[in-house]
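Please find the structures below.
Next come two complexes built around chain A: one with chain B, the other with chain C.
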Partner chain A sequence: MRKVVVLFVALISFAAFTSPDAKEILDKVDRNMSSKNRIFESSMIIHGRRATRTINSISYSVGNKKSFTEYLSPAREQGTKMLKLEDKLWIYSPSTDRIIQISGHMLRQSVMGSDLSYEDMLDDRKLTEVYTSTLAGKEKLGDRDVFVLDLVAKVDDVAYFAQKIWVDAERFVPLKQELFAKSGQLLKRTEFSDVKQVQGRWFPMTIVYKDMLKEGSGTEFRITSIKFDQEIPEYLFSKASLKK
Partner chain B sequence: MIRFIFKGVIRDKSRSLIPVIIVSAGVFLTVFLSSYFAGVFGDMIDLSARFTTGHVKVVTRAYAENEDQMPLDLALLEVGSLKTQLNAAYPDMEWVERIHFGGLLDVPDENGETRAQGPAIGTAIDLLSPGSTEIARMSIQESIAKGSIPSKPGEALISEGFAQKFAVSVGDEITIFGSTMNGSMMFKTFIISGTLNFGNAFLDRGAVFIDLRDAQLALDMEDASSEILGYFNDGVYNDAKALQVTESFNSSYNVPEDEFSPQMMRLVDQNELGQYLSLAEHMSSIFILVFVMAMSIVLWNTGLLGGLRRYSEYGIRLALGEEKKHIFYTTLLEAAIIGVIGSVFGTVLGLAGAYYLQTYGLNLSGMMDNVGMMMPAVLRSKITPELFYIGFFPGVIATVFGNALAGYAIYKRKTSRLFKELEV
Partner chain C sequence: MMLALKLAFKNLLGAGLRTWLNVSVLSFAFVLIIFFNGMIDGWNRQGRKDTIAWETGKGQFWHPEYDRYDPYTIQASNGLMSDEILKETESKRLVPILVVQATAFPQGRSLAVILKGIDPMLTVLELPVSVLSSDNGIDYAVIGKRMAEAAKLKVGDKLLIRWRDKNGTFDAREIQIAEVFKCDVPGADNGQIYLSLQTLQEMMELKNHATYLVAGEEFEDRELENWVFRDLDFLLEDFNKIISAKKAGGSIMQIFMLLIALIAIFDTQVLSIFRRQKEIGTYIALGMTRMQVVGIFTVEGGAHSILATILGAMYGIPLFLFLNKVGISFGVGQGMDITLAETIYPYYSIRLIISTILLVVVSATIVSYLPSRKISKMKPTDALKGKLQ
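Moving on, here comes the complex of A and B:
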């Protein structure tokens, strides 16, 4: 009997020692997903109800405060640029040579008919800064062991009040994410795949976004190249660079 | 006999004045309110037909399911050939294309950057083709507050409220930012040619009107439109004809497996207008029913009072040998004459009131800032042929019926007790 008790206590202690707590998991996720700065090229494949479109772009970002994106193709989008500084977003249209600031309810609109909103693009904060987390369990997702975390917003200015996130137990990258409104309604589902090691960190190179309130098969976001901690000229993050 | 009774009614005011006033008031209310509701409901339906529903509307099935969101990606394609086919199949109707889109109206400062912006609801109609009927149909010319209707591509009309809010006026530039039919970003700069004031919050809120061709180019909608609206050439909605056209079109064009196949809807199938139309049609019947019932009860009561007052008169007439049946008959005849006089007065007054409201209307534009439905800002009644008899017959019937109920007491009188009663 004593042996059983000792074994049980040992197992509990081992489990407690090997399973990190929710905060620790989220910290590790942030370390993989956030960086001082990054430059990436991507293809956004938008599956509409009538047709599928692919939009290619290059993005430069510094922390979660500054980012600059230039659309490269197709011709209709070529030259369109987006600048994000703090919580402000500007779009430059070469056809009208105008810089338009996007604000208010427009931030909730879809970007180029995709399942992503401008608000999604703006909010790039670390998860630990925005959410408190609890570990809901451990399960298998495909062939990967994952931690399931429940996140609840601890700040007011957040697009999604709650999240459920499946984190790869070995690589600490999210593999699936469900985003909820305060009412509990599921608003978006995101699936991460093609996880690769880039400059010492694990990073998902393909992300599929699905706006649950709209029909269609979602938007695929493929990162074709990504570089972390690069030299990015400061002038890029100014309104003047939009018209260049 | 009639002349004799008529003289009695005219000379003995105590016998006729109150019933005539009651009947006149009831008939007046029936005529006036029937014309008012016919006018208001008629105007609401007409306004909806002209601005949103048409007499019939063709859209894709997918668009119809999400119409509130103005989903351009679900719009009709190859509208040119579809319109040609519609014109050939239904020559007694006019078919027009329209595009509805949402977006952001952005006002630039001197550096081309955002000075002000707000959500806009865009409507693209044929503004520039010579002979376009859309300007008249949507009362654009009458609604111009400043400036003029666009005369060339690249011009737009915006609501006067928008212009005041953003401090822009005729000749200034605005940029409309939104999504094209394919989901691409749409930026298009227009010059304001004029401002509009429909006097209806539903129409004026964030309204931007541009030419159809401009919209097709800006929104990547070459040979596409949100909808095709059909209007009967006489301008009057005919539900039986609309049903016939709709059934014949849908049997030929609507493919259940294809959510993008065109489908046609009648005016009454959209925006709960069927309920309004039905309500407008039944409102007169409801008034008449309520009127006949209420008036009958009131006149029954008046008849009873009159019967009591004329108790001795009936007693003497019975004592002189007049038959109960004849007294009852003359009472009814008297009631009919009173009913006719009251109904004529009531109908004339009701028509006069209706004519006044039809001509001058009741302007409620100041109270409609937050109205979320398509309602005319000036409420007007409508004089229809049925108003000339709609209150008249119920007025006469109610009077006769009320007096018949009261006069029935004549049959309860006992000849054996008459002299005893008359001594009192």
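Moving on, here comes the complex of A and C:
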């Protein structure tokens, strides 16, 4: 009986102190970062070589497949709308009053001069579908304990062959992500901060994207307000809504 | 006719300064027309020669999807070379070139570039790419002077490039500039980085693939399955259009110059007929028909052009020979997006010279004939008296 108790206590202790496996961590991250739908207002601050631009927008998204974004300011971009349905992307420009489909190699162009490409915005596959993950260790990032995950592509059609992700060990949100080329060259770094609890889930409100091959401070993405699981009218996700 | 010519030259030389002023202006127009067209022809010949030597070869076989004006076609426009093509490339009659879009990062800036994989042992084009064959673990690259200036690169500099392989996965590596070449063909230089074909094929995972094949002089003309032949007319279309536009633009100036000279001849003819009415009456009284007299005056006016040709030849030939030897330096060719050598050597063809002489003679004769027609309406008796008609 005493042996059974010792074994039971040992198992409980092992479960309490051992780290979850990489897939489990990514699943928890997905649960935090994904939602049925969301509405958020954000500011995209693009730090260029000469000047810094801030673009404010409101976005509506359902899962990872549908999203609608309207740019609110500055005046030059105001009224520009972007609609994403599955792997297709349309942009409406009020100055020309035309809807343009962004396809093929145009998807590789930068969004409004930022460090993000249209393709980056379209890639909506879950990390667990695209990468084989391994837990590389546990370390401190700032004052937070983090799990470090190494991800290597398991499919051919992926933009970044490998990734390294630092996941908050307590809140299960990514705090840092590095994207690598096949040769191992670091290409992009994304840093997540200002993690807040919104409707019971932890969410980073500031994300900084940095193209590591270019000089500059990168592109900052600040979420000013976010609501999950709202009522979003279906008509918003149609081409007709772009011209409204 | 001989009488008309004798009289014409006698009268012209007798008119003194007035004749020489007309002849000078006409000879200047004559020399200018030959000079300008000689310059354009020289530019055309050099440009075609350089483009063939550095870029096009005697023709190219393109992958059907390839469109040189649409960079979005580049990713998909490459194909596997058949055994027949590989045999031709081994014997250096065809040069395969693989084209890939990439981004270079010189000094932390991003620059859209075209990577061109090329056989380092090529003989068909003059590109100095033999340095790419060196096998010491470094990925060497060759660039043109324009590209070097745009990216602020020099021999020995290292450059990070990023591209996507055939599946769209990013890859990046460092290359080293092994050679910077100077050529007058922007199409072989602007925004382009030459790598060894084998290296680029490995980078893209596209073994034995090419985007287009450049045909050398020794290539026997024939069709290649799955490749579209582009001849020199197609490949040099833009250059030919520029030359035509320049010729058309220049012809306005030439016509203007010629017009000034012809108006001077026209004026002289009108004045001659007005002042020489007694002479006209005398010719008719001596038995000449009106048309013979018209002929004398027309020949006299037209003879300006013969004198202008002689005078033009006297100063034009030494000038043209000198320019043909030293050329005319523009010194701007490197900064332009058209094929233009720094020094252009004008080319004066026999056809150009004969056609210009004919243009000057015929136009001078026509403007001489127009006022002379008045003679046929003159009354000989009034003309003899010198009465105004």
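Going forward, the second predicted complex is superposed on the first by the 227 of 244 C-alpha atoms of A that agree within 3 Å, B and C clash if a C-alpha of one lies under 4 Å from a C-alpha of the other, contacts with A are read in each partner's own complex, and residues count from 1 in each chain.
In the analysis below, contacts are C-beta pairs under 8 Å (C-beta built on N, C-alpha and C of every residue); 3 or more make two chains touch, one makes a residue touch a chain.
Just so it is clear, the model here is predicted, and its values are computed rather than measured.
The superposed arrangement places chain B and chain C in clashing positions on chain A.
With both structures placed on the common chain, the touch criterion links A:85 to neither chain B nor chain C. By the touch criterion stated above, A:213 is placed in contact with chain C alone, chain B being left untouched.
In the superposed model, A:236 makes contact with neither chain B nor chain C. Legend: residue contacts after superposition of the two complexes on their common chain; A:46 is shown touching chain B, with no touch to chain C. With both structures placed on the common chain, the touch criterion links A:101 to chain B but leaves chain C unconnected.
When the shared chain is aligned, chain B comes close enough to touch A:93, but chain C does not. Chain A is touched at more residues by one of its partners, and among chain B and chain C that partner is B. When the shared chain is aligned, chain C comes close enough to touch A:159, but chain B does not.
By the touch criterion defined above, A:181 lies against chain C but remains apart from chain B after alignment on the C-alpha atoms of chain A.
The intersection of chain A residues touching chain B with those touching chain C, taken from the two complexes, comprises 49, 104-106. Every residue of chain B that touches chain A in the complex is listed here, in rising order: 62, 73-74, 104, 106, 108, 112-114, 117, 119, 175, 177, 179-180, 182-185, 187-189, 220, 259-260.
In the complex of the two chains, the chain A residues touching chain B come out as 46, 48-51, 53, 76-77, 80, 91, 93, 95-106, 109-110, 112-114, 239. Only residues 71-72, 75, 101, 103, 105, 107-110, 160, 162, 164-165, 167-173 of chain C touch chain A when the two sit together in their complex.
Those residues of chain A whose C-beta lies close enough to touch chain C in the complex are 49, 104-106, 108, 153, 156-161, 179, 181-183, 185, 187, 211, 213-216.
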